[in-house]
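In the two complexes that follow, subunit A is the common piece, with subunit B as its partner first and subunit C second.
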Partner chain A sequence: MATTEKMGTPVDPPQPPDDVDGRMWTNRLRTSFFGTYPPEKLLPDRQPAYVASWIYVFGVATIAGFIMLVVSGLVLSFEGPTWYHTSSTGHFVNSVHFWSVQLFMLSMVVHLWGKFWMAAWRGRRAMTWVTGALAFFSSIGTAFTGFLVQSNFESQWIAFEAKDGLNAVGVGPWFNVANAGQMLLLHVCLLPVVVGVIVVWHVLLVRKHGVVPPIPLEHDPADQPVATPQARS
Partner chain B sequence: MPFVIASGSLNGPATYLSWGWVGISLTNLIVMLVTVLVFVLAVLLPFPHDGDDE
Partner chain C sequence: MSARRTSSDVAALPWAGPVRRYDIVKEFVIALVVMAVLSVGLAVAFGSPDEEALTFKGWGTTAADNFYAVTVGELAGTTESAGYGPPYQDGDGLAVGPLRPQKWMGVRLPVDAADDFVITPLKSQAQTSEVTAALAAWQAATPDQRTTWATALDDAVQATADADGALHPDQVASGDYGPVPALAQGLTEMAASGSLDGAMLSQGAFYGSADYTKAILFMGDGSYLDDAATAQNLQGNTWGMMNGTNSYPGQPWLWWASLWYQIPTFNPAEDATTTTSLQDNADAWIFYIIGVIGLVIIFFPFIPGLRSIPRWIPVHRLIWRTYYRVHGNDHLV
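Now for the complex of A and B:
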């Protein structure tokens, strides 16, 4: 906005009142996000003692595996199948991508099992659990399309084993595993973004609600009712 | 390495195990068993602590 001038003297533009600022979407979004996630909550220095568990190490290993998948996947995308099927460097990056998905899925399953037995949905954490489950299911689809675009005999075998089952449930016309182009685009354009968004959402929910505390002991002596005089007599 | 030997050459066709109507490749079975083993270890093994945490 240009500054208005009167008689050659620069005049500051009119400032909107505070309530107008407060109604702006940028203000509301900023206030909402940083109110929920102050920096010390996004990157905390300390955690409760019960967070010191291998189960959370596998949660972090899942994120590490995802980052390795994205990086190695980008290299594979730029270089192409001819490169990763014929050159030794291509074989190496292809293997890194393959073993990263093993690390990713194994770590996620161990983390999921651990959180299931901890009943991690307690204390208004249902959405944290749901996003974790969504990450798991969307990862299955992402891994499946990945195995379908290896461009080798195994991917052909998987596609023609899977097509009958998918046709039987009626999704074949929209999700055609024999269509390598569709599977490739889903694998490199859509599904990694879906998994990434869900993982970020999951981590933000963990930061918002905190890690679920341990299940209290069922027979905690502090919870026992105090005997009345009549009961003692 | 023992797993690789047990599952045969990785460049050849997979070895399949069958019990009646149940069929599974040996490599998939090994991956599932390793996942269960890692989970059991993750639950049972003590997590290392610094002395300051005590």
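Now for the complex of A and C:
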């Protein structure tokens, strides 16, 4: 598009990119992303017939739990780290944050076990599994730092106990669990972003490769009469 | 080509079988509403744990004898924190075979227990003439003289232990302890007054620090913190890594890490008189095991044998029972 065009001025229909346009980073990124993720793939309204079990709910439940964590965590961060000790409203918001992390981790663990029993890494989906596992471990780190910044007895004790293992493997000075300032910064500035980025990466991989199909049965019950399917071909 | 490889390749192809309507936006909104209702409902019903943090004031008032004894130990260099090793002081730290990262990282967070826990806090406040004189005597003495005084009093205090192990500093035999009794008594009174809590953190500065390393180390040297954790079932050998205070859930997702602290191989019995190298270096061993488990989980798809477990234990028959019943292996091989 020419740079001298004015807003609202009718323009010619888009032309196929020439060599120069085709080499533009912007064009290459757009072509690559939207080539891989057309709208119907990003927001599909159909899924394979086998996507019909309660186990599939726990992936989206994990994302919903993460959103609850971010929202309640933002409220806590605007009021400061001691708010919930002195205010009943603060204590309530902290309680929402606390139960959100319990529900978030429960959903993620059930989702992980479900994908394990599905062998969901089949069909070139190994990276989907890897990113899911990374999301799990980065969530553990995020939750751990959260427990360390409660500024109550529990955080005192966790800091006292956890330092020994972290020192033993040589990371204690750079991940100092007794340094509440460092833990607070990691908990609100870095680790949630890491979890969020990995979750987005994970979801994009799921959208790209699709939901893993069932493991073929060793003994195909092909000769058995087939019930009326709800799914449509 | 094996049948297994064929089915794996089929799994990589775009799905060509039957499909069903699936409104993922609606599913997401419902999930968000359910999660919001559940978390708010649980917050209303159960609240959240908030057991008040322990203080030096609490320690100095409810367990003054223990506080006094630990203070003497800090001056004598006999407490855990005084001889911890890296990253607080020179030393070897824990090791697994030739792996000694604790030693390799060196002294990154220097802690001088006598100076940081006792002398500096005492100097930060106006003191009685007796404590002021004791501080002057301590600072004028040679390191050897300080150690001789403090060790003598430390031994004398430990000798007052009763059948339950409780110490009674008021029953210490007379001896040449130099300024150490006055320093220990001065810090005990400072703790009981509440002024040590601020002094430990600020170290004389207005903003002080959000770094509680020295305060946590000092408090952990006594029985005050440890007893409180035992009462709350938070010790490592009682699944404390995943427990919360007042019976709230803590971090139950860490069961696979907490598990190792329940095993006698790493965790000596309460009445054990000797310990093994594995037990002495348990934190190092267990954190390496945790790391290996983490790597196994992350790279599970690439580990032959392990990745076949879901085929051997057919939970998938339950998950996809409807598809199998209706379609069998159609579109799967």
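Definition applied: the second predicted complex is superposed on the first by the 203 of 233 C-alpha atoms of A that agree within 3 Å, B and C clash if a C-alpha of one lies under 4 Å from a C-alpha of the other, contacts with A are read in each partner's own complex, and residues count from 1 in each chain.
The working rule: a contact is a pair of C-beta atoms (placed from the backbone, for glycine too) under 8 Å apart; a residue touches a chain by one contact, two chains touch by 3 or more.
Treat the numbers as computed from the prediction; the structure is a model and nothing was measured.
More residues of subunit A lie in touch with C than with the remaining chain of the pair subunit B and subunit C. When both complexes are overlaid on chain A, the residue A:I63 reaches subunit C alone and has no touch with subunit B.
Of the two partner chains placed around the shared chain by superposition, subunit B and subunit C are both touched by A:S53.
In the superposition on chain A, A:V110 makes contact with subunit B only, while subunit C stays out of contact range.
Residues common to the contacts of subunit A with subunit B and with subunit C across the two structures: 49, 52-53, 55, 57, 102, 109, 114.
Contacts from subunit B toward subunit A in the complex involve residues 31, 34-35, 38-39, 41-43, 45, 47, 49, 53. Contact residues of subunit A toward subunit C in the complex are 43-53, 55, 57, 60-61, 63-65, 67-68, 72, 84-85, 91-92, 94-100, 102-103, 105, 109, 114, 116-119, 121-126, 129-130, 133-134, 136-137, 140, 143-144, 147, 150-157, 159-161, 163-170, 172-174, 176, 178-182, 184, 209-210, 212-217, 220-222, 224, 226-227, 229-233. For subunit C in complex with subunit A, the residues that touch the partner chain are 3, 7-15, 17-25, 27-28, 31-32, 34-36, 38-40, 42-44, 46-54, 86-87, 93-94, 101-102, 104-105, 108-109, 209-213, 215-217, 219-220, 225, 228-229, 232, 234, 236, 240-241, 244-245, 248-254, 281, 283-284, 286-288, 291, 294, 297-302, 307, 310-311, 313, 315-317, 319-320, 322-329, 331-333. Those residues of subunit A that touch subunit B in the complex are listed here as 49, 52-55, 57-58, 102, 106, 109-110, 113-114.
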